[in-house]
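Handing you a structure now.
Naming follows writing order (A, B and C), and every chain is counted from residue 1.
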């Protein structure tokens, strides 16, 4: 049951009903299109070796053992642990720091605010391909190569312009009446931030959690450039090893692929209530 | 006296705003100077230099604006610009409208909505390797799209293997990646209060009027966010072209960043690539500023909240 | 008391400096591949480390997808790896930016060293008289074919005396459409991958560069080349094509998949496809390339970097990695062919009848144009462009090849 349903037990017109059924049919049709690749991936993952190239969609027998093989032929759990060492700090760091910074941009009229915000946007406008090497040289200079530091520390400094911008847009939509009432009650901005803003931003913070989780989880280039020891490698690097190891064994490659994307699926399923149904404040309501 | 007091109070409010404002954005400021600006400045400097990368820092050689003059005489540069502009022009409106429409569908009160939402977010999760294999089939000679066209009596091309259609094939494929944009639209839509719609319905507004008079203005801030991010992202489009077409056939998908990548990492011309990057920076900045300036006309927000 | 402390401190200092002297030289090495316990090079390095008190080798194995990026970033600071792996396509590129170190001096000084590598392979790593690269893995190109397809259409298997005319005639017989006009099977794969395409021309006695690889004029744009190129491209164009085009290959997955499923009779490929065909249970065979059998050899090799602080130690590592012991390990764990003649001879006994074409092709393998001289890589690049333009009929073959010659001249002028 969505929030809207709870608030509004509106009477339904016939036209509305027809529209609803049409929408349902459309959603269903599109879902099928969307699901085919996923089903294909899973089917491929379950195929016996001899059927990989037979061009048939479904396997003749389900070889669940492929998942076991995929896990054991690379250091799956080592890579999983390493990935978590990067993902967890990133999610915590980005969510916290971006919320703080976005609050600054959303609620205070400090000098140079517009210029700083433009700079924030500007940092996203330079292709990463040319800053990659200078960045590497910088981290090398401070001795961070072959450690997790270049992949985690920056997250605590709101380095994602996307997150700050998204949060700022959202916070701007929260009526200032809440802040003002709290100020009259003697609350300082820090208190307003922690007791009013953060709880109200839960949906968008959850969305950022999911996006950051996904981005870090799938990041290939960062770990590739900064981590040298194979026992520090992450899952996305491990998956890529798979490609080299089993160029002909698509079934095992796809089994590993499914295993790697499973956590994101779970996270999204758990988070979607917060992201979508939790929103009650409209963004950009004041003219 | 009263004037002075008022001035004093205004000062202190201003000072307070400055103090708290800077205090809150401090983490970002530190990060900006520590991690972001130095590499950016370095690449700006490199754009005036010649550097083969692998020979090390000591071999960076200052050559003035030579990279830039060379770029403006480079036929492939114009080709890459053309491809990228064409892509942006089509894909930005196309993806925004598609993701908004799907978000609106997902915002209806329908059974199994949780499942539908999960399904429509799925494509963003499936790793590129699986997606690209599937899409090579979908866009193929006998693929899903051409099967559909066949019903209309049209004989479709092998999308990615035909110079005239490869770009459109990639644009079509990009619909796969709109999950994040869609979620943001969905959350924007969820925030529009039901009472507004009810009031409009009582006034006799039809579905189109409600959409244009209520929905669009109410989510204008969300649209603004998504459009700005789409501009920044689309001009730097890279991954799918790199994986699927490698710029071909006949350079028809030679995206700007792909060309830049080839220059830097295949031909080892880091200076040239950096100059390319800064030209792109100016282009993106221009269109972002244009959007920001125009937002005064269509984004409903108080002046404080505008950028 | 004070004196005692001082004495202890002095002793500690002496100990430390002695330890510092005995500190090992580290050699950092990288290659692309997979991390697994069965990696031949990893085993070799472990053994090397156990046998050497003075040198410690640290190896970083990088996934193939990101190897280039990793190599460039690590070298950008001016140090980077002491030893790196490279594919033959990049040999000239690295030499052009002064990245590898010539080992000539060490080879001349090292009188004890016995070169166990096949002479042709050893020379593969020699550019302009300097021994930069040491081959670790190599693949000749040969003709893979599906025996069942040949049997089905009653065509004799390829033999060593096949000319290209024979091959194309056979391919035509095995190119079959169903009643609706859809292809059931293609005879030959006239692929756009330039190594396979250039193998076709080379085995017909044509070349894109002159003999000492200094000019393209009269070679890349010769009338014979133009005619042959047009013919080759036409193999995969139109309704009478005998080869799948890129779109057909997408429809069926890949050329290998097509061959396995009996949709393709013949294709040119390297030894790396042996495992693919074996695993799929396909009834395949191999043969030397028709014509004069000349084929492009693909290889990867190790080179010592110019930045290496201790090239003498790196030379020791190179010797271990290019010796026959390491070659034997590689052959044991991967599909790689051993680099030493003796091992190769040994291998022939149980390499499998179906794979004999791979081994035979070795006798006819030639250096890719890109390796023969400075003009080689630009010539291959221009050929690739020309090929693509011709595929999409972006001009006549003569015009396109003239443009290609101009492109090479432009690249050489830079």
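Here is the rule we go by: a residue touches a chain if its C-beta (ideal position, glycine included) is under 8 Å from a C-beta of that chain, and two chains touch if they have at least 3 such contacts.
Keep in mind it's a predicted model, so treat the numbers as computed, not measured.
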{"item": "Of B-C and A-B, whichever chain pair has more C-beta contact pairs", "value": "A-B"}
{"item": "Chain whose mean Cα position lies farthest from chain B", "value": "C"}
{"item": "CA centroid of chain B to CA centroid of chain C, Å", "value": "39"}
{"item": "For chain A paired with chain B, centre-to-centre distance based on mean C-alpha positions, whole Å", "value": "16"}
{"item": "Residues of chain C engaged with two or more neighbouring chains", "value": "69, 72, 76-77"}
{"item": "Residue numbers of chain B (touch at least two other chains)", "value": "53, 57, 265"}
{"item": "Sites on chain A at which at least two other chains make contact", "value": "133, 137, 243"}
{"item": "Partner chain A, residues of chain C touching it in the complex", "value": "32-36, 60-66, 69-70, 72-73, 76-77, 252-253, 256-257, 260-261, 272, 275-276, 279-281"}
{"item": "Chain C contact footprint on chain B (complex, rising order)", "value": "52-58, 136-137, 139-143, 158, 160-161, 163, 248-250, 265-266, 268"}
{"item": "Interfacial residue positions of chain A with respect to chain B in the complex", "value": "2-5, 7-8, 10, 20, 23-24, 26-27, 30-31, 33-38, 40-41, 97, 100-101, 103-106, 108-111, 113-114, 116-131, 133-135, 137-138, 154, 156-159, 162, 164-166, 169, 172-173, 189, 193, 203-204, 207, 211, 214, 218, 239, 243, 253-254, 257, 260-261, 264-265, 268-269, 272-273, 275-277, 279-287"}
{"item": "Contact set on chain C toward chain B in their complex", "value": "68-69, 71-72, 75-80, 93-94, 97-99, 245-248, 250-251, 307, 388-389, 391-392, 394"}
{"item": "Touching residues (chain side chain A, partner chain C) in the complex", "value": "49-50, 52-55, 73-75, 132-133, 136-137, 140, 220-221, 224-225, 228-230, 233, 237, 240-245, 247-249"}
